[in-house]
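Shared between the two complexes below is subunit A, which pairs with subunit B and subunit C, respectively.
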Partner chain A sequence: MNESRHLSRYLAILTLSAVGLVLILPVVAVYQRAILTSTGADFDAIFQFGRQAPLLARSIAVAGGAAVLALILGVWVGIAVTRAHRIVKIAIGFAAGMSLLTPPYVFAIAWIDLWGPVGWLYHWAPEETALLGVAVYSLPGAAIALAAAYYPIIAIAAYIALRRVDQRWKEAASIAGQYHSYVREIALPAIISPIAAGFIVVFLLALYDFPVHSLLQVNTYLIEIHAASEYHNYSAAVLLSIPLVIISGVFLIAARTLIRNRGIYTDAGIMNDEPNSFRLGLVGSGCLVVTLASIFPMVVVASRAMPPATFLRLFETAGQELGSSLILAFIAATLITGLGTISSLAFTNARSRAAVDVVSAIPFLISGPLLGLGMIAVYNRPGPAGMVYDSAAILLLAWAARFGFVAQWGIGAGVRGQAPSGREAARVAGVSWLRMQFAVVIAQARPYIAMVWGATFVLTFREIDTAVLVAPPGLTLASVRLFTLMHYGPDGYVMAMALTMSAVMITVGASTYCLFAQWKRITDARP
Partner chain B sequence: MALITLALVVGCGPETPEVVVYTALDEMYSKPILDAFEAKTGIHVRALYDTEASKTTGLVARLMAERSRPRADVFWNNEIAQTILLKNADALESYQSPSAASIPESYKDRDHFWTGFAARARVIIYNTDLTDHPPLTLAAFTDPKWKGKLAIAKPLFGTTATHAAALFSTWGDERARAFLEAVRANDVAILAGNATVRDRVAAGEFAAGLTDTDDANGAIEDGKPVLWHFLDQAADEAGTLVIPNTVSLVRGAPNADAGRLLLDYLLSPEVELRLAQGRSIQIPLNPDVAKVDKTPKLDDIRTMRVDWDAVAEALPRASAFAKETFVR
Partner chain C sequence: MHALELRNISKKFDGIIAVESFSLTLSTGAAVCLFGPSGSGKTTLLRLIAGLERPDTGEVLIAGHSVAGNNTWIEPGDRGLNMVFQDLALWPHMRAIKHLDFVLCGRDMSKAERNEKATRHLKQVDLESNLQKYPHEMSGGEQQRLAIARALATDPKLLLLDEPFAHLDRRRSDHIANHIRARMKQDGLSVIMASHDERDAERLGATLIPMFAP
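On to the complex of A and B.
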């Protein structure tokens, strides 16, 4: 029995190592080429500290500002939602979700329409506030717009965390006069870790959002990388990306630590023991934040997409692209989630798991375009590799490389959080390794698997940076079509497409969240 | 339909002849033309489109990266400078298309690595609610009268980068540098791209800006309060820069014969007419193409005379200076 257990596990590790190699090779190719073909003189020409240090500082300031503001707004809304009536909760979730899933560039255009110097609100505002409109095009303006786009990530993290702090412990601690211990040992670890992880995710998304930085006239470090790529100096682009990779890597490792440190908490929900007026004020202010940050911009997007006939024309002319994207994102999400699940089961040793976690994030850190170039270098060659490159399979591989860490980390966290008693009982009962994984580990990790599937579906459905470099000719994805149309396309059509894509993503996101909640209730209810 | 498309790209080799084209011209304009070619010849077209987010650079990067095993047969670019960079990188194949006979020599490569057609021109777009007397020349961008009221796209990317490189190659580096410094000193807003210039002038945030004919016409067709005119059209002025679409055969193209047929078709008067009639009002370079009311004829424009090879050669220099001047 023991031998078969080890054999299954070693086979899984071997398979995953092969898959990992396939996914990590493009990264190696990109860096190997850049470093080997650069001389010392190149390094001096590429890294111009005097110019680049302020740009890097500005990048960090925009991303940091956006993350801090998103933290404030997100926690506020997250707390408000826990106290809100179910209908209000769904409405807030829908509004914030739609704005989160709209491409940030489209969201930023709506933001300018609203708050810019000739925006809708400017017309109603007193003349003295005109300067505020101009401030949209500034570093703080960019940070605010990005915070408005991404705060729902922190709101979701805060909501889930708050929902799961067992209020009975609080009551017991208060009775025993140990309230501070409760806060220090139970409440804070449970709440802070997911919120801080959300903060880091927002920081990273805001750091890399070049189209929004550019639209709001903030010169950030990314322009150095884009300018190098524009003139086909890919070695320079790769080398210039190193500072951002290091910063992102540090933040991602911090996020991983926070995800791991989930504290002790159960699912007993929130006890609404505050006075009614306080609760109303809290929910009302949360609704106000959502209205200003999400609903207003989405109304602008929707009004630009009108009349409804625009949507009919969209389905007539872009139905194929939407269909292809749906199918590919479905397959990719299933593949990535499957790999993440197997990996979480195979690498049980803490050290090997940490190593796999770090390695799986590297393809994401080097950015989509550079990963795409690496994929071309590795797969565009005669033989089986070329057959993969010439088919849609290359997209699946590229996305698996880019977003594999989401599954690795997400499902890994779910598996690590399980009490060992279930597995111990299965072992004592002589259940085989494979059966134990299905009956005990996967059964308990189902909520996380559902969430990871939803997240990777959304990420692959909207992915563009790698897709534009590796998609096979003859296949156009909805995300590529949307960005193609942004230049010349009629405004309404572009907005209708952005809204339709957001609606698809929120449907999938909401469905997987429902699955997550339902399965979580079942697994948490088990003794 | 989506399933069929996926099956096609996943499946084995095609039974019908095919041609693979990478096109930087937006799908809404290029697809109907490629469909018409397919209907006319029976050759299946597999197209790959670029995105505004990585305009031309995405496909050019891919063509560069695929040089050891090219997958594309034809590259249809919506501008010229990046095409010449591809030629210089040995990624293109020479082909003298019979359809290009009437196209002026100044819009063709002397070694036939690329051929120009259906051009855009640099124009001044202005908001009619804000001004009746818009700037007429490039020099106006350094005129204190317009301080803080004008906008251009970042001269690091797209046609604005090509325009800056054209100034470096025709004026010389010193004069071009002085001009860009003066633009900066005159508080001209440096925006994300030509489409952003169009949108913000149309919104009334700036009185006027420098953009391309296709962007400017799009705003007019959307009913925005804007008009446009060509740059530097007086008799003693240099004229405006006219930037053609370019089409090239890829070196080592897997379907080179079909690629040549597609090139011939794209360079035909039929295609130029179709592009002239569209929203992007591409200016026909072939004098045989019938006049379209809303689209100017090349003969009616005072055009800036440039050596395109020199423009491509100046591009990295101009970009480096623009980066130092405008990206701080």
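On to the complex of A and C.
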């Protein structure tokens, strides 16, 4: 039965090779090319405080502003959901989920449409308020658009956090005469870590959202890196990315530590001993937040997309782009999920898994444009690499590198969460290693695999940053086309395209969530 | 020939002694009960016999063949034994009958034969009305009986039981114990059990082996 150890080793070698080829090579290539082509002036630039400080300040202000706003909205909605009736809970969950699945640049275009010179609010609001429209392309505007897209992450974290707080803990503390230290010593530690992790995730996503920064004309690190990328200026792009990578690396490690400290989930707990009127007010205000942050922007987009003839024109003129994006996102999601599954099976040792987890996040952390440059450096050459570069395969590889960590972390969590005795029972019964992996490990990780597939489909379907650099000639993706058109303003055609793309992502996201919930009910069920 | 022989087995975890120089001989068709408080190394010893842990020193012999120690290592699935885990280790995504079908698959049996055998074993532990149920749809006692049926379905020569009657009432415990005793008599099944309840040993007619925290 040494077969099992051999298979496990082969799988690890295969995964390491894939990780090396797909994830590491472009990163190494872009840094190597940058070092070789750097001049003294390039290095001087990185130490120019006058240039770096405003970029850093603006990047942190957009991401921090979005994260703080999302924190306020998310915690509010999270608390409201714990108190809501089941039907209201589902409605809030659907609306917030819709927000999460809709690309942030759609919220940005809705924001422009509301406050821009031709926007609803600009026209209908009193003259003094209409002045706000002047500031539509602004840092606060970007923060608001990003917060509207990402607040559901914190709402989910807050909901999970509140489920942790078991009513019996309070009772036990009260009996022991420790009621006053209960909040400080018991409730707060249970609540804070998931919410803090959610905050950090939103901060990072907002920090790296190139399309929103670009549409709302906020000059952040990403915009500068992208500008350098367009001129294939490797050294400038790499040097500019260093502060960004350091900040995000620290935050990502912090988030991972907080997420790992998961504790116990319970339904027994949610503290709901407040008066009914208070609860109604809380749920009502939560619904209002969701309506304003999630539903209202979509209504703006939908109303501008009308009449239905716009959609007919859209399918006639952009049907091919939509089709290509759908097919490529489907293949990419399947590829990324497959690699993530194999990697989760191959690295069962905690230390090697942690190393692969960190390495898999690097291509995301160096930013989309820089990864695009790395892909160009590796594949834009004669021979087989060139054939990859000239085909849609380059997009699949770029997306696998960029979003591989989603699968690595997501499916890894599903595998780690399984009781080891389940595998041991199969081993003792003489079940072969391969069968055990399929029938016990993968089968139990199905909810996470489905969720990762859905998440990577959505991420790749809406991806712009890398695709805009590496898409082969003749292949236009829907996201890239939409992004280009958005710069000309929020007309009906753009809104129809944004709405259609959002509808695709919401459908895929909702379907995979249903699968996740159905399978999770079985794998997590207790007698 | 002895069903099981342990020669001076020792095991440490991070420098902490779990089992120290433990020796034991178990005859074919006999049963022993490792009896002792938590932390006395009962479960570790069962895991060493099963092949889920490697001994630091000493040797494990099953049916006269060395399976661990002296530069020998036989994988758990090739030792001709099976185990009922303390947490039962049921697979939450599999129905009761699938649990047995899964461990029988790959044993040179047709699908119909596997199905017949799985049904028979589940009937023997009074689970005939639960064939299509998931573990979470069963009570604690039913889950325990499913774990025992799964362990017996592979026709092991040596059965390792970790707190096997913990979730069962007295009547059910006696019923399952009688079933295991019948297998001991008919098939020469040998049993090694870990428990902190002396009555469990009585039920199986097992010899008590007291264990103390090292």
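In the analysis below, the second predicted complex is superposed on the first by the 358 of 527 C-alpha atoms of A that agree within 3 Å, B and C clash if a C-alpha of one lies under 4 Å from a C-alpha of the other, contacts with A are read in each partner's own complex, and residues count from 1 in each chain.
Just so it is clear, a contact is a pair of C-beta atoms (placed from the backbone, for glycine too) under 8 Å apart; a residue touches a chain by one contact, two chains touch by 3 or more.
Computed from a predicted model, the values in this text were never measured in an experiment.
**Student:** Looking at A:V431 after the superposition, I want to know if it touches subunit B, subunit C, both of them or none. Which is it: first, second, both, neither?
**Tutor:** Only subunit C; A:V431 stays clear of subunit B.
**Student:** Contact-wise, after the overlay, does A:E230 reach subunit B, subunit C, both or neither (first, second, both, neither)?
**Tutor:** first
**Student:** In the overlaid three-chain picture, which partner chain does A:V468 touch, first (subunit B) or second (subunit C), both, or neither?
**Tutor:** Once the two structures are laid over each other on A, A:V468 reaches subunit B alone.
**Student:** Let me test your reading of the model: by the given contact rule, A:G319 touches which partner, first (subunit B), second (subunit C), both or neither?
**Tutor:** first
**Student:** Have a look at where A:S421 lands relative to subunit B and subunit C in the superposition and call it first, second, both or neither.
**Tutor:** Touch partner of A:S421: subunit C, not subunit B.
**Student:** Report for A:R381: first if it touches subunit B alone, second if subunit C alone, otherwise both or neither.
**Tutor:** The first partner, subunit B, only.
**Student:** Which chain, subunit B or subunit C, is in touch with more residues of subunit A?
**Tutor:** Per-residue touch count on subunit A favours B.
**Student:** With the two structures laid over each other on chain A, which partner does A:T291 touch: subunit B (first), subunit C (second), both, or neither?
**Tutor:** A:T291: touches no partner chain.
**Student:** Does the superposition put A:R446 against subunit B (first), subunit C (second), both, or neither?
**Tutor:** The second partner, subunit C, only.
**Student:** Within the complex, which stretch of subunit B touches subunit A?
**Tutor:** 1-3, 5-6, 8-11, 20-22, 26-29, 46-55, 57-62, 64-66, 68-69, 71-72, 85, 89, 154, 156-157, 161, 189-193, 195-196, 199, 203-205, 214-215, 218, 222, 279-280, 315-316, 319, 323-324, 326-328
**Student:** Taking the complex as given, what residues does subunit C use to touch subunit A?
**Tutor:** 50-52, 74-78, 81-83, 85, 87-94, 102-103, 105-107, 134-140, 143, 150-151, 154
**Student:** Please give the residue numbers of subunit A that touch subunit B in the complex, ascending.
**Tutor:** Residues 51, 54-55, 105, 109, 116-118, 211, 214-215, 217, 219, 223, 226-227, 229-232, 234, 319-324, 326-328, 369, 372-373, 376-377, 380-382, 386, 389-393, 464-465, 468-469, 471-476, 480-481, 483-491.
**Student:** Over in the complex, which subunit A residues touch subunit C? Could you list them?
**Tutor:** By the definition above, subunit A touches subunit C via 1-2, 4, 419, 421-422, 424-432, 435, 439-440, 443-444, 446, 519, 522-527.
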